[in-house]
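Heads up, there are several structures right after this.
Two complexes, one shared chain (chain A), two partners (chain B, chain C).
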Partner chain A sequence: MAAAIEAKKNGIDDIVILERDVQLGGILNQCIHNGFGLHTFKEELTGPEYAGRFMAEVKRLEIPVETGCMVLSISPEREITVVSRAQGLRVIKADAIVLAMGCRERPRGALNIPGTRPQGIYTAGTAQKMVNCEGYMPGREVVILGSGDIGLIMARRMTLEGAHVKVVAELMPYSGGLKRNIVQCLDDYGIPLKLSHTVVDIRGKRRLEGVTIAQVDARGVPVPGTEEDYACDTLLLSCGLIPENELSLTAGVSINRATNGPFVDDALETDVPGVFACGNVLHVHDLVDFVSEEAGRAGRSAAAYIRRQGQKANAPKVIRVQPGDGVRYTVPSTIDLNNMDGEVHLRFRVRDVYKGRSIRVLAGGEAIVTKKRKIMVPSEMEDVVLKRDALKDCDLTVEIGGGV
Partner chain B sequence: MTRNMTCIGCPMGCDLIVEVENGVAVSVTGNSCGIGKKYAETEVAAPTRMVTSTAPSDGGGPVPVRTRVAVPKDKIFDVVADIKATVVKRPVAIGDVVIEDAAGTGVPVIATKAVE
Partner chain C sequence: MKIYDTIIVGAGVTGCCVARELSRYEQSVLVLDRESDVCEGTSKANSAIIHAGFDAVPGSLKAKLNVEGNAMMDALSEQLDIPFRRNGALVVCWREEELPVLRELMERGECNGVPGMKLLTGDEAREMEPGLQGDVYAAVYAPTSGVVCPFEMTIAFAENACVNGAQFSLSTEVQGIEKGADGLLYVQTGRGEFAARCVVNCAGVYADKVHDMACEHDFSITARKGEYMLLDRNAGQTVQRTIFQIPSAMGKGVLVTQTVHGNLLVGPTATDIEDKEDLATTRPKLEEVKRVATLSVKDIPFNQVITSFAGLRATGDTGDFIIRQDDKVRGFIDVAGIESPGLSSAPAIARYVARLVGEVLPLTEKADFNPIRKGIPKLNQMDMEQRRRLIEQRPDYGQIICRCETISEGEILDSIRRPLGATTLDGVKRRVRAGMGRCQAGFCSPRVIEILAREQSIAYGDVKKNG
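Right, the complex of A and B next:
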């Protein structure tokens, strides 16, 4: 929606939003908790309220929306094959496409947990949809594996709905979720968080009956003798999100193995001309404000692409942006110096928890930006703004430097 | 009495040690800045939380709702019970008041999603 709004405001009238769900808003519809939009609207909204603001704007600008519409494939020539109950199978030829398909959860099958395969094992997001949108409870005695934000939010949600959440186990020595969620979703309700712990066994024939949780060592290997049994009828998995890029692949877009999202330049354009990406399909976000801002930029870029009929304003001069020490990836991965805006947001995640260190952006070995940070954690996306004037005709490396 | 808590002022998440006397924080240690001290003082004196939940509706699915502002933390379960006992009449718009006064807190509960 944010991309469509910006494209419209930048002079493009022939737009359509294609959505497979019955409504717009994506994941926000099931995120009924507060904590959205502090940056954008300066007030704390719930997910549906945040989505509601954008829906109102889409309506006001009279942007066409087609829900119940599943995109099956996108060709490199930007032909979109879409199927819907109302119109059957169609091909839409687009001058520009903004990919915003979001992400999906890592399922049990991808986690290699030993044990039986009973009912009662859900990804946290699936459980969230059941409880918040459909009004069903997945179970009563709950163990949660993974301390990602969805898992933490669901620990509180299930508790308020009358379930008993026994423990949250996290493989890593630090939580995958925000501090605020640990305090307000676990501590407030006395739910223990076990760091460096994982599920090593699942029991139950038809319905889940219990799980075994064990401590893991620094390499993530379970430590014998630390096993503890928990009786439960429900296991929720909050073990990571994966950008949903099947469509990007059909379009021939190159995917960055570090993000599982497309490689993009400063305009958020992929390596297929006229195809742009934003939000969780590009890299997994923790703040919706960043998603909307990024989507807005993708929408503006798409509008500019159409206005210039695919031609760049100036002959391109492209530099690369590379992750250095302590940095997992960067978005974008290239910057076109001759065509970029006055500034570019550089977003990335760090590999580990760093206290009292700094972010350094190096151009040809020389630091052009140094930002001190009290703390950096893998669960919070970093954002550094680079001014065009500060950039030179040489590649950039982003790294975690010492304290300054 | 000593209370341990985690500051949520920033991702540092300082572990705070708070000495409480007669429901007031008399000393705070472990904080790295003033926000931590203030957080501990409010958490001890009058902790509040916004409550979000879903209310049943007349014939439709659950309607997401929230308290308009944060309510005292010890009222969370009472507020949820009130929400669960309320049947929302559709159609409802974002911001419509669903309960005038949730569990005697004086705070209204509002719908957070438009449901036809």
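Right, the complex of A and C next:
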């Protein structure tokens, strides 16, 4: 929606939003907790409220919307094959496409947790949909594996709905979610968080009866003798999100293995001309406000692409942005110096927990930006703004430097 | 009490094939299973291979029925709309000293009547299958080996049997069997007593227990657990064929294969277990699967595992299938010890069993037997024009519910509304693959639950994953 709104505001009238769900808003619709919109609207909204602001704007701008339709494939020539109950199977040719398909949760199978396969094991988001949208409680005695934000939010939700959340186990020695969610969703309700712990066994034939949790060593291998059994009827998994790029692949878009999202330049354009990406399909975000900001940029870029009929305003001069020490990836991964805006947001995640260190952006070995940070954690995305004037015609490296 | 000509105990692939075979005749057939769906035991969790038939000892029932069953599959896949593809198999070894084992397989294959087998050098094998490890020394190639969907195979036989008059009573556990003075066999179940002239015991890992209810003990079945990992379709191209390693005493070892749906399947291990219900996977065995599979195939992308599971083989203590009428209890027919190559042999087993039943009862062919079963239309395998036409006729085929496998509401509704339709999430999954993909039902399960609840007029919370 944010991309469509910006494209419309930048002079493009022939737009359509294709949505597979029955309504706009995506996962925000099941996020009935507050905390959304602090950056964008300077107030604290729930997920549906935040989505509602954008829905109202889409409506006001009279942007056409098709819900309940599924895009089956996208060709490199930007032909979209879409199917729906109402309109059957169609092919739509687009001048520009913004990919905004979001991400999915890593399921139990992908985690290779041993044990049986009974009813009662859900990803946190599936449980969230059941509780918040379907009015159905998946269980009463709950163990949560993984401390991603949805898992933390669901620890609180399940508690508020009358379930007993016994423990949240996290494989890593640090949380996978935002600090504020640890405090507000676990600490406030006395739910223990066990870092460096994982589920090593699942029991129960038809219905989940219990799980075993054990401590893991520095390599993530369970330590014998540390097993603890928990009786429970529900196991929620919040063990990572994976951008859903199956469609991007049909279009021939190159995927960055570090993010599982497309490689993009500063205009958020992928390596397939006219195809742009934003939000969680590009890289998994923590805050929806940043998703919307990024989507707006993708919408503006798509509008510019159409206005210039695929031609750049100036001859391109492209530099690469590379992750250095302590940095997992960067978005974007290239910048076109001759066509970029006055500034560009460089977003990335760090590999480990760093206290009292700094972010350094190096151009040809020389630091052009240095930002001191009290603490950096892998679960919180970093954002550095690069000014056009500060860049030179040489590749950039982003790294974690020493204290300043 | 209604007297049936034949009661079949167990609705796995063997029981369902036997039911379909007997439904060719003027016969009343009842299939009993303790689970709420067909295909709930060994048939649901195995390698899904239609073996060529070079592995079994010549002269054994396994050898005969495997090769016969394999040859029947093209026609059956056509008649019953079962996904089946002859992708061929390679059995690899790593050292010259192991060559005699491959030669032995070649000889067995020849004795058993397996067509087209070849002994290849390591380089020839790698040319055929570039994913093989560099140190593979030689391989046996069997072109008739194939991959099948074991769920749809079992369900297809069951549905076709049902359409041809066989009755199914599911959630019906057999508790006892007695031979009456009138010569009938009386089967006691959790849902009352049934009588039959003939009982066919297709009870899988429990076949020994069911046998012992009616007859003197004369064989035991051990559950032999096999653990597997299933990888995303994006990893399916790692190999085209089924890659076996030279066999051991515990079976055909860890294989790597493309599945009929284009995923990559790796496994199984082999562990004899006491508990016939133990389907738990274990960390050491899953690690073993990885380690051993890597001996034959390089670069298996184990980061693309979408699920792991375990199945139980019904291993008999005779080394061969046990298919015979009991010496003392006339009309009681065992179909036991149906471990690998049980799936491959099932259609031939059914023909063999029909002959045994024919020794007890007169079998007259029905004039109106319908051998054709049309499966649920598969949207994701149609071209654009076919899809367009189908959606015009059935708009619910335009509503995609399972995004990973592109399964529509129409397909899910069909899976529920068919004869012996799905009643659970797993039932829908096995019939139309909704939830079988990379997100493992994360997104579609709330929608499928909603459809199941609506169709069966039950509460959302009463929809079960299985059973």
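Quick notes on this one:
Criterion: the second predicted complex is superposed on the first by the 404 of 404 C-alpha atoms of A that agree within 3 Å, B and C clash if a C-alpha of one lies under 4 Å from a C-alpha of the other, contacts with A are read in each partner's own complex, and residues count from 1 in each chain.
Here is the rule we go by: contacts are C-beta pairs under 8 Å (C-beta built on N, C-alpha and C of every residue); 3 or more make two chains touch, one makes a residue touch a chain.
In this text the structure is predicted, and so the values were computed from the model without any measurement.
On the superposed chain A, the positions of chain B and chain C stay apart, so the two partners fit side by side. Contacts of A:E134 after superposition on the shared chain: both chain B and chain C are touched. In the superposition on chain A, A:D187 makes contact with chain B only, not with chain C.
By the touch criterion defined above, A:K179 reaches chain B but does not reach chain C. Within the superposed three-chain model, A:G240 lies out of touch with both chain B and chain C [touch as defined at top]. In the overlay built on the shared chain, the residue A:E49 is in contact with chain B alone; chain C does not reach it. Between chain B and chain C, it is C that contacts the larger number of residues in chain A. Residue contacts after overlaying the shared chain place A:I32 against chain B, while chain C stays out of touching range.
Of the two partner chains placed by superposition, A:G324 touches none, neither chain B nor chain C.
Between the C-alpha centres of chain B and chain C, as viewed from that of chain A after superposition on chain A, lies an angle of 110 degrees, to the nearest 10.
Between chain B and chain C, the minimal CA-CA distance in the chain A superposition rounds to 12 Å. The intersection of chain A residues touching chain B with those touching chain C, taken from the two complexes, comprises 133-135. Across the complex, chain C is touched by residues 20, 68, 70, 72, 81, 83-89, 104-105, 107-110, 112, 114-119, 122-123, 125-126, 129-130, 133-137, 200-203, 205-206, 222, 246 of chain A. Looking at the complex, you find that chain B touches chain A at residues 5-6, 8, 10-13, 32, 49-54, 56, 61-62, 64, 66, 73, 76-77, 80, 94, 112-114.
Touching chain A in their complex are the following residues of chain C: 229-230, 277, 279-283, 286, 305-309, 384, 387-388, 391-392, 395-396, 398-400, 403-404, 406, 409, 438-443, 445-446, 449-450, 460-461, 464-467.
Touching chain B in their complex are the following residues of chain A: 29, 32-34, 44-46, 48-49, 52, 131-135, 160, 178-180, 182-184, 187-188, 355, 374-377, 380.
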